[in-house]
Amino acid sequence: MNVTDDRPPHRAPAGAAPGTITVAPDAAQPRIEVISYGSAAEAGAPARVEVASIRDIPELPPQHGIRWVNVTGLGDEDVLRDIGERFEIHELALEDIAGTSQRPKVESYGNFLFIVARVPAPAPEVQSADVPPLRTEQLALCVGRDFVITFHESAAAVLAPVRRRLLAGGSTMRKRGPDYLAYAILDSGIDAYFPVLENCGEHVEELEAEVIDAPTAGSIGAIHSLKRSLLTARRAVWPLREVVNSLIRDESPFMSRQTRVFLRDCYDHVAELLDIIETYREVATGLVDILLSSQSNRMNEIMKVLTIIATIFIPLSWLTGLYGMNFDPASPWNMPELSWRFGYFYALGLMLAVAGLMVIWFRRKGWIGGSGK
Amino acid sequence: MNVTDDRPPHRAPAGAAPGTITVAPDAAQPRIEVISYGSAAEAGAPARVEVASIRDIPELPPQHGIRWVNVTGLGDEDVLRDIGERFEIHELALEDIAGTSQRPKVESYGNFLFIVARVPAPAPEVQSADVPPLRTEQLALCVGRDFVITFHESAAAVLAPVRRRLLAGGSTMRKRGPDYLAYAILDSGIDAYFPVLENCGEHVEELEAEVIDAPTAGSIGAIHSLKRSLLTARRAVWPLREVVNSLIRDESPFMSRQTRVFLRDCYDHVAELLDIIETYREVATGLVDILLSSQSNRMNEIMKVLTIIATIFIPLSWLTGLYGMNFDPASPWNMPELSWRFGYFYALGLMLAVAGLMVIWFRRKGWIGGSGK
Amino acid sequence: MNVTDDRPPHRAPAGAAPGTITVAPDAAQPRIEVISYGSAAEAGAPARVEVASIRDIPELPPQHGIRWVNVTGLGDEDVLRDIGERFEIHELALEDIAGTSQRPKVESYGNFLFIVARVPAPAPEVQSADVPPLRTEQLALCVGRDFVITFHESAAAVLAPVRRRLLAGGSTMRKRGPDYLAYAILDSGIDAYFPVLENCGEHVEELEAEVIDAPTAGSIGAIHSLKRSLLTARRAVWPLREVVNSLIRDESPFMSRQTRVFLRDCYDHVAELLDIIETYREVATGLVDILLSSQSNRMNEIMKVLTIIATIFIPLSWLTGLYGMNFDPASPWNMPELSWRFGYFYALGLMLAVAGLMVIWFRRKGWIGGSGK
Amino acid sequence: MNVTDDRPPHRAPAGAAPGTITVAPDAAQPRIEVISYGSAAEAGAPARVEVASIRDIPELPPQHGIRWVNVTGLGDEDVLRDIGERFEIHELALEDIAGTSQRPKVESYGNFLFIVARVPAPAPEVQSADVPPLRTEQLALCVGRDFVITFHESAAAVLAPVRRRLLAGGSTMRKRGPDYLAYAILDSGIDAYFPVLENCGEHVEELEAEVIDAPTAGSIGAIHSLKRSLLTARRAVWPLREVVNSLIRDESPFMSRQTRVFLRDCYDHVAELLDIIETYREVATGLVDILLSSQSNRMNEIMKVLTIIATIFIPLSWLTGLYGMNFDPASPWNMPELSWRFGYFYALGLMLAVAGLMVIWFRRKGWIGGSGK
Amino acid sequence: MNVTDDRPPHRAPAGAAPGTITVAPDAAQPRIEVISYGSAAEAGAPARVEVASIRDIPELPPQHGIRWVNVTGLGDEDVLRDIGERFEIHELALEDIAGTSQRPKVESYGNFLFIVARVPAPAPEVQSADVPPLRTEQLALCVGRDFVITFHESAAAVLAPVRRRLLAGGSTMRKRGPDYLAYAILDSGIDAYFPVLENCGEHVEELEAEVIDAPTAGSIGAIHSLKRSLLTARRAVWPLREVVNSLIRDESPFMSRQTRVFLRDCYDHVAELLDIIETYREVATGLVDILLSSQSNRMNEIMKVLTIIATIFIPLSWLTGLYGMNFDPASPWNMPELSWRFGYFYALGLMLAVAGLMVIWFRRKGWIGGSGK
């Protein structure tokens, strides 16, 4: 599970032989859960066990035709290799399962269908004021004739509702094959993006309000971080569309006609997700324009204040300087105003007049509001 | 009916079983209206009833071959389930009908054609100075061999003209099948975008005038809001194009050849809508450039005023400061100007000359207009 | 003929029955001109009449096989309906003819080919300093086995050269069928964009010069208006390409093989028009960058002047203020400079030195040119 | 040969009959060169003549099977018409040959293949400091069974190496048909873009250096001009790709299988040209960002200088003003500092302290470098 | 090996005959390495020799069916021609091998498959503070029935792991044909982009931090350089996708079905590379916005400081100027404040009040923080 999601992930050293399984250094130890169930009338309740090793997986009960093997944690390449051997999984598929940063894709091997999806990763525990960046994690599915195997690091939240529905009585899920189970998992993974994007939507609206009303020095960083999250989401969801489309379109013995009707529903959801992501991306791009315009407005505001104050007082100061000159009053032509009886008031009046004219002029230009001096 | 139209909508909790009907919390109670009519010569006038429950729907009169069931308000999942049972509507279609934020699409089920469209939502009652954001709402149609069922929250304005034409004597609509009725409803929904976009067009022109002549601090917000409205419109209309195209192109027992000719007309309207939306979007994007340029112009204007005033008066103030120095006149070399008979006039003249030169220089630079000092 | 060309046009009220003919309120009264001609050796000269009503159209002379009915002005729906009846034109086509803001398209009806094109509208009479925005108007053609009908508001300038060539002796046009006439009209309409775009091109170059050398407050508005004109042109020409392509590609009894060779030429012209439009649009977009950069340059220029003047004089003014302080000269330590014999010159020299150092510093920074003080 | 290359070119008046040959007013008088050669063993050396008129073209020597007619200068429509008659060239092709601003295209006529390409025009003779804008000119080829005719205004530089190889002994060109000659000419024309783009590349790097280090008022204009050149190149090369692709793909009796292998090489070159053009366009667009950022940096620099100087001296000037007030020293509370023995030094010290604090503060903010006062 | 990778490369002079081999002037002398191996049981260990000339290549040992000829350095056209003759390589392929700036492509010749790829070039030795620009170099492969020939300048790092795996015992590579060897080389070349892009990713994050926190004058240049590197990478990887896709899709005798399964893996890697490149490109574009916004913020900050200082002190200075005027105190109306007993304190108090009001006003505007004066 890589942290920033948009840097190249840890992977096998360049030039390694294809099929080399290379686990990520921070991957968790695998835990294996097996649920077996069947659609036949005598199938009874599904059986669920957690096993320590792949060798502990019990035989498939005869009344149960289908097994779901759920592997949480990809930190042990031996476990992966064991599973691969037991279920005859191609070495290239195993390599992709271990390298947890694959693009979503669907590949058809002779004995199973290999699906890689990306689902939203759980948000980090640490609480901070900032909105955490959206991260995704890999969810790999192998869909065979009588099994579904899921591999993931921490996608428990995505799988829990599916397990609950499967174990609950009266679920239609038990009446159908492994393809329907795979569909249900995919659907749950896709639906998990909606609340995540809803958070993004709220964040977008907060940013809109902030940027229009009171942009801060951090606003541009927040917009940038939002855009990266949306980029991450798009990178995960865009190829998912092709995956679902390919499942609907391509004939495969592992995907029944009935389930394809349900996958159309899945496809609509992915299309809707992409719509939402693109909309937010456009809005976020618009926020940058708003921000630049707001900053420009603030600059205009600041400059107006400076200009008004300076433009009014600079001539006044010049006048005070004028009458502060020391020309010799011995000559009657040298600053006779100084010896006028009301010279001071004359000077004050002159300044008032100059200031008043300036204020009127600024008002005409619309730089200061209607209430005047 | 979601309010902002571009955030992820309320929907069934992630992982819910497919076909789960989840009504929106603010959806209205359903009202059901049934109109039956027929194309046969003996059909007579259409019959229209409003029923409280789906069980009250009368039998289809033998002379009438076609029924239009119009469900306004999607707030009661039992009603939806009842209708679904009565008309054999697939559970996935019912889920989409209840989840009122679907993308427009067309799906073919065995016994009916399922069409989801989005039409402009009525503007909110509250009056404000701001232009209200454009919102859309879902209009779902089920087109069967002898019925059309419409589901919506508040699209009465879109359906009213169709009902009027249907009930009015001499309408060609009565002579054709349910597919023509569905076409008429779709066409009315599409045409409803034109006045809405006309409003947008007027708003665009107001903004253009405002932004070029006198941009305010709110201009960027208004442009942003306009762009969001256009984004909303595009998100609704773009997939409509594919819907209409698919109705024209794909063979379906529920859509006759004759009606397809009329759908071509529909298609042209959708294409025209998209043209208009894209044009406005480009214009709105151009407005941001105008705004930034206008703000930059205003800044230049402000700075010019400051620079002219400051540049003229700063040297003058220095001169007054100069002759305000207190060098001891005992020395004949210390500021002899002060004791000149016309020292004051000399000083005033010097200042006038400096100011005049500055004004000439600014005029040469084109910073001040032709009328000079 | 709508004025701004990019707002939603006047059209039938939403929900009106399809085929409703709704004339624009400002449309002119129709004038009908009929030219009949034939390709046979005995055909003789074409006959041309202007008729007041569709009923006055004379019978087709037996030696003439082809008739061109040219309807100028679409202000009377009865006339349109009469023509529709006489030539069996589908009601949807008539609706499109009356609604003069259709997108260019080609539609095949059983008995005729319906082509909608948009041609440049004549520039308004009123002369102003501004470049008038580019407007387009609708030109509808119905091409049958023995007739071409053209409907338009004021596209006389586009049709005149075709009529002249048709009436002139020795024209190849008379030797061919109505499809060739339709081609000639389309070609003339497409070629009419070239001089209009040439005007745009000149306007682009004027704007380039203005924006680089001396941008004004109106520059951004002019660029914006240019972009809207180009948008209008693109909106009209882009679908024309598909129209011409469809005429070349789709088999139709109303378009002969020979004429298709000529339509390839038409197609090249449309492609060239789009090339030119896209080029101008890119250039116009670049002009906004130039404008912003120019404004930024001017701001830098203004600020440099202010900074140079202020930075030189502010220290000087401080010096004059310093020696204008009134410390009691009774103490020998209080401003002894004031009583120096050459104190004044010392002060002036000090100021000169400060100013000189500043000037040298500004020169080093490259803010003032090589000629120094 | 149009000068600016991106304005609509001189062409036949709108509405002229198709096939009207209209020569450009500034086109040169035609010069005709004929080279005949053959692949047979007894063919001997190629024969080359320059003829004044098309009627002077000698008969094709029997041992030579192929003729290359090279027409330089398109200023005489009679010459074009004569050639058209002699070689049975379609009137539409002749119109395109004379109108020298066609888009590159390939058209198949019954008796020859008509290819229009655009090659770089020779740079103007006049030397100036500015980089001349890239211009292209039309090169038309008619490829028949035993002839290639080339029409151009001044593409001598493109054809020279082909002629040289053809006339030189041992060239493989002589062993192949007219299609190979046409390929060689096209290839030479395409390769002629590489040095031109290399110039652009050098210009891009100069501009990069200039814009990052010392942007001038002319920088934006230079970038704009570069972008227009690249636009011109793209407009010429983009359709060339389709031309070459169509030559490779479409079966034609005038293009042999062998030559198509060589055209694949041509195609690679065109693809590479487009790659380079797009790369430069992206870089040039990035230069605008750099320029705006540089200008903004310079503004910040200027404002910092002003702010530092003003912010230091404004309080100091206030202090000098303070002690320049004329309060009556008769009251002991009126400015007692003035009569202190070390009042002047106290004032100077106060100012020094204020200035020092300001300098420290600016240093803390990082506005002035590490060397202090 | 061209240095900047995005300027047109050195190539044969325009108009040179096709198939002309033109070595780059700075290309290294060729070194030839031959490894022969076989899949048969009796094949034994691979044999590896380095030969000085192509004539020294030993005969293929009978037990070995496959030979890998690795040519490092393309500086001698005779060597290339010798190899071409020995392995019957088409002259156009040889031309492409020597011209080391081809776009990636795959071409099928009768007797071999010709693949051109671009792999990351080794970073230059010289160490500098700046991140070196990403460069790519050409790697050409000829895949025949029993040989693979690789041509490159300095791609040793890419080939080393493949050679090591081939020579190591137990490698699956030896059991397969030359197509698998070619796949392994391509795969190694593609994987070599991952660490290079990881460096880019780190550089992106450094730039993000720098630009948000403390943009320098060099930031825009660094972003620009990053964007050019990404452009270079995209230009190399984008056509690689088509190459790999074409190898998977097109039937060819030189590419077995088994190997195509592995190429799908290759394809996924290329798709992932493009994803990463596009993501970085979007992020880098966003950095420009951040930079402009940061610069604008800094300008606002600077202007605020200037405005606050100036706006507070300008009125104060005017007051000091006022009481520095020299009106004759003989008149009791001339500045009576000057002779007040506490006139000085009154003036100081007045100034304090003005300054205090200003500070309060600035605080209200939010220009200065909460701690006030």
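The chains carry the letters A, B, C, D and E, assigned in the order they are written, with residues numbered from 1 in each.
In this section, contacts are C-beta pairs under 8 Å (C-beta built on N, C-alpha and C of every residue); 3 or more make two chains touch, one makes a residue touch a chain.
Predicted model, so just to flag it, every value in this text is computed and none were measured.
Asks: What's the call on subunit D versus subunit E, same or different interface residues, using the half cut on shared numbers?
Replies: Result for this pair: different.
Asks: Rotating subunit A so that its CA atoms sit on those of subunit C: what angle is that, to a multiple of 5 degrees?
Replies: 145
Asks: So the centre of each chain is just the mean of its C-alpha atoms; given that, what is the distance between subunit B and subunit D in Å?
Replies: Those two chain centres are 41 Å apart.
Asks: Calculate how many whole Å lie between the centre of subunit A and the centre of subunit E, each centre taken as the average of the chain's C-alpha atoms.
Replies: 26
Asks: Enumerate the residues of subunit E that touch no fewer than two other chains.
Replies: Correct list: 292, 296, 299, 303, 306, 310, 314, 317, 321, 324-326, 335.
Asks: So that subunit A leads and subunit E is second, what is the order of every chain round the ring?
Replies: A, E, D, C, B
Asks: Within their complex, state which residues of subunit C touch subunit D.
Replies: 158, 160-162, 164-165, 171-173, 184, 187-188, 191-192, 194-195, 197-198, 201-202, 204-205, 208, 212, 261-262, 264-265, 268, 271-272, 275-276, 279-280, 282-283, 286-287, 289-290, 292-294, 296-297, 299-300, 303-304, 306-307, 310-311, 314-315, 317-318, 321-322, 324-328, 330-331, 333-335, 366-367
Asks: Sort out for me which residues of subunit B touch subunit A in the complex.
Replies: 4, 6-8, 11, 13-18, 92, 95-96, 101-103, 105, 107, 214, 217, 219-221, 224, 227-228, 231, 235, 239, 288, 291-292, 295-296, 298-299, 302-303, 305-306, 309-310, 313-314, 316-317, 320-321, 323-326, 329, 335, 337-345, 347
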